[in-house]
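Quick heads-up: structures coming right below.
Shared chain: subunit A. Partners: subunit B in the first complex, subunit C in the second.
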Partner chain A sequence: MLKVDGLTVRADSVELVHDVSFAIGPGERVGLIGESGSGKSLTALSLMGLLPEGVAASGMARLGDRDLVGVPESRIKELRGRKMSMVFQEPMTALNPLMRVGAQVAEVMTLHGKPRHEARARAVELLERVRLPEPAQIARAYPHQLSGGQRQRVMLAIALANEPGLLICDEPTTALDVTVQKQMLELIAEVAPALLFITHDLAVVASVCERVLVMYGGRVVESGPIREVFTRPRHRYTEGLLAASKLTPRGTRLPAISGSVPPAGRFPGGCVFRNRCPQATPACETAPELTGDAHAFACWHPAD
Partner chain B sequence: MPSHAGTPLIEARGLTRVYHRPRTSLTKPGHDVLALREVSLTVHRGERYGIVGESGSGKSTLLRLLCGLDRATSGSILFDGREITGLPERRLRFLRENLQIVFQDPMSSLDPRMRVRDLVAEPLVALGLPVGGRVAELLEAVGLSAEAAERYPHQFSGGQRQRIAIARALAPRPQVLVADEPVSALDVSVRGQILNLLADLVDELGLTLVFVSHDLSVVRHVCETVAVMSAGEIVENGPVDDVWAAPAHPYTRALLEAVPTLEGLF
Partner chain C sequence: MTLYLVKRLAVLLASTAVAAVVVFAFMALLPGDPAEIALGVNATPEAVAELRRQFGTDRAPVAQFLDWAGGLLQGDFGTSYVTSAPIGPQIGDRLGVTAVLVLGGMILAVVIAVPLGTFAAVHHRNALGAVISAASQLGIAIPAFLAGILLVFVFAVQAQALPSGGYVPISENPAEWLRSLLLPWLSLGLVQGAVLTRYVRSAVLDVMREDYLRTARAKGRGSTGALWRHGLRNASIPVVTVLGLQLATLLIGAVVVERVFVVPGLGDLLLNGVAQRDLLLVQGVVMVLVAAVLLINFVVDVAYHLLDPRLR
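The block that comes next holds the complex of A and B.
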């Protein structure tokens, strides 16, 4: 379905994403996890052809038989919203406040050639599919009249409108309350064709995806089936992240990774994690390759 | 544990806060929003008290009242035996000295044009207290180097900025530290650092902690006592371990079930 090979994203001389490769099969749900500044959103934006000005992607990314990187905007435009679509973190800024939500769902279909009256009718069906109550009424509402969870459902309806082959979700539930988040995650898992799910929350990714890519410093440092990566992490960063995600009983010290994520372009050479890694040695000054088939990791001193 | 043996430090009784919405029609008056209804709670000296709830539950309104940043429509709050509701700002000095707040987002709570030195000293200056060597002392207490004093907030990471906010809150040697979602905006890898730091400081300085969060599992790690809020009311409160193990209210149960965890997944 989606194949990414050697994807690199640069802003001037600073490399923000380095040599990222992965594939997503039809129906597969893949998580992309990492902290803020790890390059996960840039990876998604470069697939959607939405990189900000002055930031450019190189390498290969292909959806079916169509190239996504290094092709003119006019080619990407045919795919975006039709063959692949994206749900963003903040539904209030992603929706047009001056347009009724039904019209916004219909718009993505008319843009890709569906007659207006058909699109209107289908919009209501889609709002029903994302389990909004009274979809015909919701279609006539403006975004500010809906709750955060309802707005995010509208975003999902827009994303699903043209039956895309790939859905990318970038922190779709971070702005939502936990009880609403739970419903939203169940819905995404149910309706997504192939899914690339970006989050910083390890527990969230574990409840939605089958496979996971761990990013740090613009590189994929570990990847594999989620159960294996989460129960037997090999990269020291994944290990630290998992330890830090679990809350130990009161009165005990919480595990944390020392230091903080450096700003873009300030990651150390060699292994990008070595300045925060408790196991780092001079060997880590050489960048480790991502090795392994199903469960791969890039670390000189992996955990067992 | 000093928790319940301690004397009551904050006592809120029957707090209600009604917000009047502006009118949206020429013929009808604007409607009222009951943000907080008849809320009562007691925080003992030395206790770590957690308040949990989702957006719209009234936890922020409650916090604003406890901190003397807003007026209750009815009800009373005693701080160390003294009434704070209805007092003008000039008579709230004892509260400002003894209760300080750490906010959720250190990006917006720290003035970007002020150096860390001035940010940390500001509460002292505002209260007319001597600054002296207090800034260096505070920076050291929160694990920042002395050179940090000369820099600006944007030169620090999120976790470091939260350390600066904690140093600032501790400047006037308060008895009570109120932390409003202090780790929600932080990456998980540094969340532990900040929670450990808070726990250390509360122990060393004998502080009373009021900790607000949407995440019951974080509250369970930090606090002994918890109040669960929903729709402007405290629906359940008590020792956090009891609430965690056997939630009595349906809303608490729903909240617990909804929190995704790694434990027990595999």
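The block that comes next holds the complex of A and C.
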């Protein structure tokens, strides 16, 4: 249903995302993981045509038979909120502070052709569907009267309103309290159609998704079914991520990936991870291809 | 909202009362005795004392204040010591002229600034946006009276298209009335419009970076549609603050512009009052100007509450 091939995102001369390819089938749930600065959000924003000013995408991305990259905004905006939707990381600022919640939910439906009164009624139903208590009352509230978790539910209601085929969630629970996170994840898992779920929390991916893409330095370095990738990681970066997320006995040092993510444009040539990789050799100065069918990885010295 | 309105109204009344005390006290502190001014240097002390008794200026200041303030409440500003004419009707006549001048200038400023500022924000990355920015910077540097003189030079002296000054009441000749006000409006409006353009531009730029605009686009709006539907009202909140301040500035600016264009407004009346040492008249005009500024602030605060549900 969604097919991405050779997606590259640039800001002026700096390449932020390089040659990313993946596909999501109908109803499939795919996680996109990696540290901050790996290019996850830019990948998602380029699919929605919402890249910030001065940042441009090239390559191919197609939703059904519609091109998403390299088309004018007038063509892609009719898909947004209808065929594909997105929930963002920060619920506190994502809603218009001057507009009632119900009107903001209804807007996404009237925009795509539903009559106003129908949209109003359906907005209340949607608020109920994302398990907001007293939906009729919430519809009349302003965003500042709701908590972060409630606002994120409103965002989810907006995203689901037109029953899109693809839902993109960009760290939807990162800004929420831990107790609220779990409810939110369960809700997303329950209501989502096909899902592209961005996070840096591996446990979250494991609970929601079937397949995972690991991004680092603007590239997909490993991809495959969750179970395989998480139990038998091949790329050294994935291995490092998993090691860092495991529970460790009290008093022992948490294993971490040495160094930190370089700023955009400062990744090394060849394998982008080689300056932080304990296994790096001169061979890594040549960029490895992403190889493999179901479980693919781009590494000269894969773990076994 | 009603409770807020009542509270804010109480604050307005209280601050107006305080303003009345301050205005009265300042005028009382000024040197110069109305009776001595009226009778001239050769008057006998007995005659001066007699006139003081007539004016009531021989009484204690508190009694004089209560008398004056009590009169204000009934719209009575007292009788001029100099011309013996009642002051209230004069202020009433002039207030209308000044209000038309100031409001016209303000409307012109808004009409210039909102589209231009929004345009400059949307096009902030290209040359046209930069040109608007630079032009508004230039406008800020020019004071209203200078703009007035330049406008007179171009439109009245060179082009001979508009009168260089004077005022025709609307009841006499509406077309001439409009012609006589055009240049004063322009000189007030262009300068304030330039200032306002910059504020509108920065408010719209701020709003354009907001997450909720991205949300609106994610719903299926284009960037222009998102800005119209969700951006402009949010941007108007900081702009309203500036508008209120500008309206007060315009009121003061009108004093000068009325001089340049010989428009018989409050400013003209005030300056005449000062020249003739007509203290009670000056006191009345200053009180009206202060009250107008307080009223503007009140309206701005109420407008905030209407615009922003977070304040309710």
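FYI, the second predicted complex is superposed on the first by the 304 of 304 C-alpha atoms of A that agree within 3 Å, B and C clash if a C-alpha of one lies under 4 Å from a C-alpha of the other, contacts with A are read in each partner's own complex, and residues count from 1 in each chain.
Quick note on the criterion: a contact is a pair of C-beta atoms (placed from the backbone, for glycine too) under 8 Å apart; a residue touches a chain by one contact, two chains touch by 3 or more.
Keep in mind that what you see is a predicted model, and the values were worked out from it rather than measured.
Using the contact criterion defined above for the overlaid structures, shared-chain residue A:S74 touches subunit C, although it does not reach subunit B.
Considering which of subunit B and subunit C touches more of subunit A, the answer is B. Contact with neither subunit B nor subunit C is seen for A:M215 once the two complexes are overlaid on the shared chain. When the two complexes are overlaid on their common chain A, residue A:C277 makes contact with neither subunit B nor subunit C. Look at A:L290: by the touch rule set out above, it reaches neither subunit B nor subunit C. When the two structures are aligned on the shared chain, A:M155 is found in touch with subunit C, with no touch to subunit B. Shared-chain residue A:N96: touches subunit C; no touch with subunit B.
When the two complexes are overlaid on their common chain A, residue A:A123 makes contact with neither subunit B nor subunit C.
With both structures placed on the common chain, the touch criterion links A:L32 to neither subunit B nor subunit C.
When the two complexes are laid over each other on chain A, subunit A has no residue in contact with both subunit B and subunit C.
Considering their complex, residues 48, 50, 53, 73-74, 77-82, 85-86, 88, 90, 93-99, 107-108, 111-112, 142, 144, 155, 158 of subunit A touch subunit C.
Taken in their complex, subunit B has these residues touching subunit A: 54-55, 157-160, 187-193, 195-196, 199, 214-215, 217-218, 220-224, 240, 254-255, 257-263, 265-266.
Residues of subunit A touching subunit B in their complex: 35-36, 148, 177-179, 181-182, 185, 200-204, 206-207, 227, 230-231, 240-242, 244-251, 253-258, 260-261. Considering their complex, residues 125, 210-212, 214-223, 229-230, 233-234, 307-310 of subunit C touch subunit A.
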